[in-house]
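We just call them A, B, C and D in the order they show up, numbering each chain from 1.
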Amino acid sequence: MSAAEIGVGMWGYGFMGRTHANAYRQVRHLPGAHAARPRQLVIGGRDGEAARQAAATYGFARHASDWREIVADPEVQLFDNSAWHDVHEEPCIAAAQAGKHVLCEKPLALDADAGRRMLAAVERAGVQHMVAFNYRFAPAVRRARELIAAGQLGEVRRIHVCYFQDHQADASLPSPWGGRSQTGVLDGLGSHAIDLARFLVGEIESVTADIRTFIPERGAGAGSRERIAMTEDDAFSAQVAFSAGALGVLEAAWVYAGSKNALRFEVNGSEGSLSWNLEDLNHLHFNRVPSGSGDPGGTRSLLVTDRGDPYVGAWWPPGHVLGWEHLHANLVAAFVDAIATGEPVAPWGATFADGLRAIEVAEAIRRSAASGRRETVGPPSIGARS
Amino acid sequence: MSAAEIGVGMWGYGFMGRTHANAYRQVRHLPGAHAARPRQLVIGGRDGEAARQAAATYGFARHASDWREIVADPEVQLFDNSAWHDVHEEPCIAAAQAGKHVLCEKPLALDADAGRRMLAAVERAGVQHMVAFNYRFAPAVRRARELIAAGQLGEVRRIHVCYFQDHQADASLPSPWGGRSQTGVLDGLGSHAIDLARFLVGEIESVTADIRTFIPERGAGAGSRERIAMTEDDAFSAQVAFSAGALGVLEAAWVYAGSKNALRFEVNGSEGSLSWNLEDLNHLHFNRVPSGSGDPGGTRSLLVTDRGDPYVGAWWPPGHVLGWEHLHANLVAAFVDAIATGEPVAPWGATFADGLRAIEVAEAIRRSAASGRRETVGPPSIGARS
Amino acid sequence: MSAAEIGVGMWGYGFMGRTHANAYRQVRHLPGAHAARPRQLVIGGRDGEAARQAAATYGFARHASDWREIVADPEVQLFDNSAWHDVHEEPCIAAAQAGKHVLCEKPLALDADAGRRMLAAVERAGVQHMVAFNYRFAPAVRRARELIAAGQLGEVRRIHVCYFQDHQADASLPSPWGGRSQTGVLDGLGSHAIDLARFLVGEIESVTADIRTFIPERGAGAGSRERIAMTEDDAFSAQVAFSAGALGVLEAAWVYAGSKNALRFEVNGSEGSLSWNLEDLNHLHFNRVPSGSGDPGGTRSLLVTDRGDPYVGAWWPPGHVLGWEHLHANLVAAFVDAIATGEPVAPWGATFADGLRAIEVAEAIRRSAASGRRETVGPPSIGARS
Amino acid sequence: MSAAEIGVGMWGYGFMGRTHANAYRQVRHLPGAHAARPRQLVIGGRDGEAARQAAATYGFARHASDWREIVADPEVQLFDNSAWHDVHEEPCIAAAQAGKHVLCEKPLALDADAGRRMLAAVERAGVQHMVAFNYRFAPAVRRARELIAAGQLGEVRRIHVCYFQDHQADASLPSPWGGRSQTGVLDGLGSHAIDLARFLVGEIESVTADIRTFIPERGAGAGSRERIAMTEDDAFSAQVAFSAGALGVLEAAWVYAGSKNALRFEVNGSEGSLSWNLEDLNHLHFNRVPSGSGDPGGTRSLLVTDRGDPYVGAWWPPGHVLGWEHLHANLVAAFVDAIATGEPVAPWGATFADGLRAIEVAEAIRRSAASGRRETVGPPSIGARS
């Protein structure tokens, strides 16, 4: 393999760690010429034995039980933080200061202030930075943005993005969190909805919102009789106003039975509309006012694996559909490419500025749910240009 | 035809007038035994010649150019007001005072105060009263309510209802209103969304909302060079909180390209979900947590024309699908039946109390859009029990 | 109502009789100018009391218990034979000889010889004639033919038409036929599939086929312990070759669980494809090779109620969908119009020549199922030009 | 990685070679305990330099330009023949004789006689053998077979399987084959349709069929003015009769515009039905007669990534959908597992006996298309028991 190699060090071997590891491996073995290929050097996490097993299973040369080892590793050029958001700030800032390019899972940080410190650090260090908003890398989603940018919808007037799962729907289930710091659905799933809305329609100016904890108490754990109070949100609904004039609705929940992984959007404009559902990720639905009497109009179901579609060249022939894991592979490929070429990851990839912006919107949603008033989000921080 | 006959007098011969006339005719000729059958006596409107033609075309014995003639007609038992909402109050109250049963198009009145006067009049007169919220009479919608009432969704946690059309999407079209009093989309389509949300999930306690007039100026009319300001809303988005704890989103617009007649809802509960789209009116989508290991789960597409479905006995064999006009026929049949039997139209049909409630919610939406705050709807008026 | 009136006399008051009666009534009351309107004069059937009730319920002036009365009625201009196919030949020929225009239910006759006699009679009499292949009058089906004729699919290479219901799927059900002459699924549903294939792709040259009676024995009737042999087919599958070179598959069954009224087709060409399902009758699915790099391709779902669609002017605004019964209304309107104007009902409507052709194809299917060989259909009879 | 390793040697580095290589790599790095993991030892093909590059890109330790090297390699336990079907027989037989387990791409051989020799060789050698009918390993397909086997459809009465692509639809495209031996659509795509029909419904007894070469002449190659005759089939349609009494329709074509990778099936029984489309591979549609008055019936869309679904444990959480490439990964995992455990690959995987049977059905289809008669397939060879 003669292309340049980008040494990768990962922190986190859980669900997201496995997903990122799989993505690096997929990208390394893609056919065709590439600016660079990732090299899986080291994976780490607090439990050294688990890290050792993860390294063996996922194909890393080494393992670590302290993120400082990875940040200090001279071969590591790309620091991938796939851990929970309460361990994002310090390792990412340290990695940037050590000159590593940084890819961080979402949400970027515990709050907007931490996010601003992280953004400042990567900008100061001049390294590439990305937040793992993987749904930007679904071919249908990228295609949607291209169609909007090309004016195919005319003036965008409305977007609805919701992300529904149902794994917490059953009130008899115990709390999914041990004693560990928790994340509600607004952070966990809502951050994806916020980012997609911004990716497709632009900046959000103000919000009104409602937040619910439908199940205020659960068992403490499997088999336990102890009951504990649940304080994290398990559903939210926000109405948003975009700077460009569009209306929006953002929602997320993990307590709505029947939705397995239903990240869905619908965008409506003066000349057309778009819709998508992650559970059917290879199809994008597109409607456009007929261009003349010979145009039958109608809503098109586009199987986005065809010639001209984003990413199709990298994978399989038209109609040989992709799965969920390929979105992370597309994301990782974009980040490795950005590192190799020095080109920005924006606008297709989300930078730390986008990650910060998603937190700022989430914080406005929380403020509005508490105040019962329309809350403005405030202007984007410097650098937050996607 | 030996069944009792209910003499019908209609005011209004436009689109809704034609729709109601068609419904009475369909219902009159349904096979099977019925408590009563409608008899098309008289149709009227301000333009006498047009009324004469409508009577001939739609099969009425007489025509009228003053609603007072119809209200005074001793053979008329059912007064049907299919005119615009600025001519609802006086004729409906007069009809009730004359002892006629009253069916009125939506929105019930120009404002909640007028609605309260109308409700008081019909209750005082002891006549049957109904608002033509025809979508309650879609077999799929009624089936949805039955499933919810039977607990098939568990605790209802969220509903989204939107009603989108696109006939005003193109800013180059002239104003659709002549010099006549206008109605925005909140009254025109939004009232249906509000009523469906109440029909399915119950009372709405508070709202936050945003309203848009996307096209602030249009040509005065076909061929005219004059430009006039458009003041009526052409889109709204509201977040609503239900008394029973559920979250809700209500929307309507006639400026979103690609939606012809897209009245859609999705209801999500702790154990199941439902969704529907008027453009595919014979199918209801239903999901429920599997009942055991032999139950494959999944989302069911129910073709609601089968044995056990609402209304199927009245129409065609299973799979011989219904169209939009049949919803009004089902509605009219229910009203005629209520008159003949003395049984209430509620809960399947909307009474004037429901019509009033839809106005009260719409007014709260307007207040919130102006104030930027959560606005409460207030308790239902006496009689508003569906 | 000033337009000319066409006096209608109907023979048959069962399911099809009710359907036709409903269609005449709908057409009579359509708004707009028409060449003529039907007038419901007389309905008849062997049971005089049932005929009397049908006349009252469906709005006919008179009733009859002998078809000769109807044929002899000087006011009757249109003789509608909605009875079973074993009473088609004699009344239709007599009606033609009496100068009546003749509309006959499908299948046209018991066999091709009878069909030829009927075709000869109507041609000799010079009257308008039509077979009630109502699915030609679904807006989506007519639109499909228009798209094919306009070359939108390029060279047509394949069609699949199937018509599946499930009311006979359960082997524990008694025989649906009393002592009366029976009709199998090839005649009952298959004739529709054959006609649609011809309507869309043209003449069928040869067939190979298989026929099944999956349930060879049933109870004699509700509550009876007697078992009777079932000799009629309840499923068939045929491969057909079209004169123009296309391949085809035709199927029908009423023993496939899960299909309520699933008349479906898919047409595939060198440049595009079409598909449709009667259970979702307002949508036509259409795919076409992209016309250039700006064309996203994809499969369009056309809601065929829009400006430019067939029949939309006669009914409701775009998106206000039609139901199954409207197909018969469209059919009846076309026949009344043909009578008033003298214009041919072909190619949109099926003539007796088309009805005969459907029988000839069905007979070839039966021959092939018996012989195990490819059987040719033979050239169309004179007049059989659609 | 402590599990046993199975040394893999592959012959063929084209599209299928890349697909298999990807599958081995995915399977090697799956988390969880496994009986064995594949080890990518050597990949080969006639062009040594291309083989060298393939080894580097896809992660094989060595490369080869003669299949004999691979067959002779003592570390190779699994010989994977991903080459064209004209180089299947000799290498597979040699590999079996050398004691290697053999995985071979479809169609198994150039004709049934060759297939019988291959089957005899692997049975004599006592090695595991498999044909790469990857669609058996789609979770929805396996689930379909489980539902049928559990009697959920009652008596199976009909199956339709078609496999349509459109890459050869345009007659102006040059011949896709250089001077190389060709394969028509019956071998290329039809073999998958035949195998799926057998997998779901059992043995095929007889067929009637039609075959078409719609484009009899093409340009010889890109840029060439030479025209060459095209002799290979580009569409076929067959009616089949199953031993168990069901009717069937099998079709394949690559000249039907609008189908990218549309392998579809529908199975209809006395109590239920199933349908699937590879372009939407994560959803299986399932209908079953309601079990009682509380069962709403309807057609279920099952997102087959849920607890209890085949393969879900190996991949991602429910709703995190799979792509086309995962079917080969599931297939390879099953073969490696069979080698490690000594358990049979049947019935979930296709053995050489299944591969032979697919050829025998294809040959009957060719005979029938030539004779115009129903042709019997003949009894399965010894060993052909799935």
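By definition in this document, contacts are C-beta pairs under 8 Å (C-beta built on N, C-alpha and C of every residue); 3 or more make two chains touch, one makes a residue touch a chain.
Heads up on the chains, UniProt names are A, B, C, D = Oxidoreductase domain protein.
All values reported here derive from a predicted model rather than from experimental measurement.
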Counting C-beta pairs in contact for B-D and for C-D, the higher total belongs to C-D
Looking at Cα centroids only, farthest away from chain C (Oxidoreductase domain protein) lies chain A
Rounded to the nearest Å, the gap between Cα centres of chain B (Oxidoreductase domain protein) and chain D (Oxidoreductase domain protein) is 54
Per the C-alpha centroid definition, the whole-Å distance linking chain C (Oxidoreductase domain protein) and chain D (Oxidoreductase domain protein) comes out as 41
Chain A (Oxidoreductase domain protein) residues touching 2+ other chains are 259, 299, 303, 306
Among line, ring, star, complete and other, the chain touch graph is complete
As the complex stands, chain A (Oxidoreductase domain protein) meets chain D (Oxidoreductase domain protein) at residues 1, 15, 18-19, 21-22, 25, 28-31, 56-59, 165, 167, 259-262, 278-283, 303, 305-306, 316-326
Chain C (Oxidoreductase domain protein) residues touching chain A (Oxidoreductase domain protein) in their complex are 147, 286, 293, 296-303, 306, 308
In the complex, chain C (Oxidoreductase domain protein) touches chain D (Oxidoreductase domain protein) at residues 153-155, 157-158, 164, 169-171, 208-210, 212, 214, 235, 237-239, 241, 245, 247-249, 251, 253, 255-259, 268-273, 287-289, 299, 372-374
